[in-house]
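We call the chains A, B, C, D, E and F, going by the order they appear; numbering starts again at 1 in every chain.
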């Protein structure tokens, strides 16, 4: 998409972005996914917004450097048990142009196959939360977060139609209990 | 094989032919196979003879058209449960020259792995029967049916010798009960 | 390595050498391996020394001839049950230069995956023993035996570091009972 | 309208489990005589024939002959939901596409009602002639089940040899060989009527596949006694009576040729 | 310092097995009131809330409020090493990183001492308001467990419909459909107090997923009676009392929309 | 000719199951003294030694010393076909290639005869010297089995520490750590003779692998009491007596170095 003629005015920063999720199987037809969001610092760019955990990377990073950076993210937010079940895939990249910045997110998708080892968050992993897709879209997020989510969801609809037997449906027919009970203070 | 010089006198018709079978495991060394035969109409070409279910197809059919035509055959004769266990393979083709016709049968082999879901025939699938190879050869069949059977059996002897442990033997040491008890009227 | 200028003085003999072993799993971290050694005849070259079972082969042997010769070795020393669990790999070759001879050993590694079917030796397989690596190095062996052992062990350390969960460690923290009880006469 | 009420509902549970091992779908034929069923396994070497006479039920009503085609695993699932002491009532309408099962606990405090979709099942029935068998052996059903299970760990075929003194079951396999001999008029269990009884015209020997005998003996809970009938070179007959008003009979093709099962 | 001694140690074994099916890690909150726990499953559709009042224990000592975060499978492994008649004592120090479990056989001849590493578990608690439910049903716990298990072989959702006459559980699936009806004030088991009792403001119908009910009913060994409370469109509540001094309560989100579970 | 008849045939069934866990093939050595067996597992860290004296049998006949090599899984299959109350008779001919097992029911109405092909098994025997152990502990066999099973869910090695007051079994693993202490002369079971008894020269501590102890304790059904004998740095000895006329003894190599099992 369009770029300013004077490229040097826009600094391009690159990141590894981890879309970490797990699927709870509600019944033989219904899976309910939850994604890990982290909160940006209270000051600075996109202050206080929620996003997928990300970490800076140099623009010419190798595959192994990308995996290594992703590991740093995973180590920060997931317990050892949670890391055991991960299926990881490099799904592509998402660009976002700000007024004076250009961010490129190299998106990795990491899905926990065994849903029973959530919901504990890793000790010390503050300012993060596991949310459904609906809750994610209702959180304070930037548009690049939506683009990253769409990119990482691309394979899923196809898989749903191809897979016999247990379907992957994103339609959960039960609301989570937080809709009924408020979080205790 | 030989063709008349005046090709236009012989009309070539092409068919998808489905050799549908299941294997009953009598014991650790013995498998007993049964094949699905259907009866041709009482009038017309090869009237009243038994054959493998077949369906017309255009001469330049694609792979997916072939599979789609095969599906029509399977839907007509097999129940949903019976279709679950199918292993399907396109094994080749068989030609047969009549006095004024030329038939080409594109042979697909479909083997039901789970023998416990037979012998129910699909409701409405009249004029068909499941027979052993011996019973098949004793039925009223045309020579193209024998050729189709031979073509679809080509892999099996090889597999028998290569496979350790459970052998695929076509020698059943028990006669089916129809040899002892006649069908009730 | 160095060869005499007059090649014809040194006769080159080639062998298939089988490093046959099994692994006992002592606990989730410890595997203890044992190797099959056979004793050479009491007279002649390397008299009375222990070695991995070997069999002559022509110098231009094909893959299938190699496997066939290996089968002869396996048939001689292993029971049918012991042969069931074998994982076989052609790992390379080892040369050894004597004063007037040159031996080339084409080394095959055969590992029994199921340790419960040892220690019976095949009836009639005299002059052979199953030994740990430590016991092997303490036996009367030639230097080519050591080289063959090193060649066949090359993959193992690498596998140990790559494999998560159950580690392949060669450090057994229990001594075999032969260290405590002497063989009855 | 078809309606049949069985006070001893557990009988139906046991019957269904047995049939389900042999065939996955079968037709229950309902007439004024009662409920009958005949089905073969997929290899056509064994057949099960069931009869529950109308006297087994109270009440029993069958306005018109009706054929109820059912998937055995589905009926089993439903019958597993019945308590062992429940009364079971089967109901169906002519031309309907469901059969209903009503379970009532003894004090009627718990009532369960299940509906199962019927299937169209096209199976031929075989006519089984009345046969005068050379040997008819009565054995306690649990004993026969035990013997079949034991011998099937050793080999795949059993040779059954019956003389006036007793019956011998022999097997051979990779491990070795074995035989079990039961003597005539022996008392295996202390209970009265639990003897081994042989009625014989002439001695008879037959070999059959143990895999199928182990299916049949799942009906052992239906009756304390199993009756085995043999003629040379004809299918073995194995019968369990259901009270006074019914039976389950199994037929198994004999092994061809010599008794070697290798 | 925290110390709590439970003479009927088997209670703790049963409680732990139940919770472990729902969540893999949870915080045990210790205060002068007793031991409490609240955790949800990973899909956040069900919640278990446990309370063992301090009177359940003898002695009970809790100098300062303490949160003991444990991995359920690890606690289960340790509690499986307790004999069914053992006394169980739980001990922990403030600021410590282990919790210890002491098992004493009745005659004190066998004493087992286990230490479990604590975890930092960050789970939010939900506030569950006191609710006046439209229908409150008491059923023998074994009966409810049996019904949930039976119906889950037929379908995945159960519709619970309660009227003053009784409660009906309905299910539908590929095999067919079914319903079980229990009558009010019925006597299912001979034991006293094992009746079906319904307290009702107005009739109520709710659909829930059987998968989760089958987790809850693993607590059946804790109490002879289970109490099910329903309001339209709010989470179902399922409660098992633990003696006089505690309870385990489960909450399960209702199914949205119509009762069709397909 | 070798013939040995054991009235309590169930003993043989239990013995065979135990040995089969350790070694897949073994030689039964028959002499006028009785039947003995010695075999090690494939890692050579444990050994089982069996003796059934000739007085265990009636009759017992052994014309010439005989070695019967058998595959344990095959013998187990055959012995599973014996009833628990059957008499078992073992027979073999010198120079023959089979061993036969005769099972006779109590009233002789059911007689089973099995033949097993013998194997040539080339295993060395180890000479086990008479040892004066520092600690000899007698525990009810069921209790020891329970302890080994419990501790093996926590860790892989157990440290056994014996003093005059009692014996302590300790384990550590990923989950945490634990120890079980049994007091001297304690009464764990009400039955007479089911006490924990310690005979000690000096205190002793030994670490061994629980995996192998769990194999040994499968012999618990042979005897109400298990005797554990320990000396520092020599193999642990675990003995179950078989009536008055036999024993099964297990030896297990100790863990080297410190007691850390990681």
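Going forward, a contact is a pair of C-beta atoms (placed from the backbone, for glycine too) under 8 Å apart; a residue touches a chain by one contact, two chains touch by 3 or more.
The structure presented is a predicted model; accordingly, all values stated were derived computationally and were not measured.
A.B. asks: Which neighbours does subunit C have in common with subunit D?
C.D. replies: Correct list: F.
A.B. asks: In how few steps can one go from subunit D to subunit E if every step must land on a touching chain?
C.D. replies: Minimum number of steps from subunit D to subunit E: 1.
A.B. asks: Considering E-F alongside C-F, which chain pair is linked by more C-beta pairs in contact?
C.D. replies: Taking the two pairs in turn, the one with more contacts turns out to be C-F.
A.B. asks: Between subunit A and subunit C, what is the gap in Å from one C-alpha centre to the other?
C.D. replies: Computed from C-alpha means, the inter-chain centre distance equals 52 Å.
A.B. asks: Could you put a whole-Å number on the gap between the CA centroids of subunit A and subunit F?
C.D. replies: Between these chains, centre-to-centre, one finds 57 Å.
A.B. asks: Subunit B to subunit D: how many Å between their CA centres?
C.D. replies: 34
A.B. asks: What parts of subunit E, by residue number, touch at least two of the other chains?
C.D. replies: Within subunit E, no residue contacts more than one other chain.
A.B. asks: Okay, what are all the chain pairs that touch?
C.D. replies: Every touching chain pair, ordered by label, is A-E, B-D, C-F, D-E, D-F, E-F.
A.B. asks: Considering only the defined contacts, which subunit D positions touch subunit E in the complex?
C.D. replies: Residues of subunit D touching subunit E: 71, 74, 77-78, 80-81, 98, 105, 107-117.
A.B. asks: Show which residues of subunit A lie in contact with subunit E when the two form their complex.
C.D. replies: Where subunit A meets subunit E, its residues are 22, 24, 26-29, 32, 34, 81, 115-125, 172-185.
A.B. asks: Touching residues of subunit D toward subunit B in the complex: what are they?
C.D. replies: For subunit D paired with subunit B, touching residues are 23-25, 40-47, 119-129, 156-157, 209, 211, 234-235, 251, 253-257, 261-262.
A.B. asks: Residue numbers of subunit F touching subunit E in their complex, please.
C.D. replies: These residues of subunit F touch subunit E: 143, 150-151, 153-154, 175-183, 186-188, 196.
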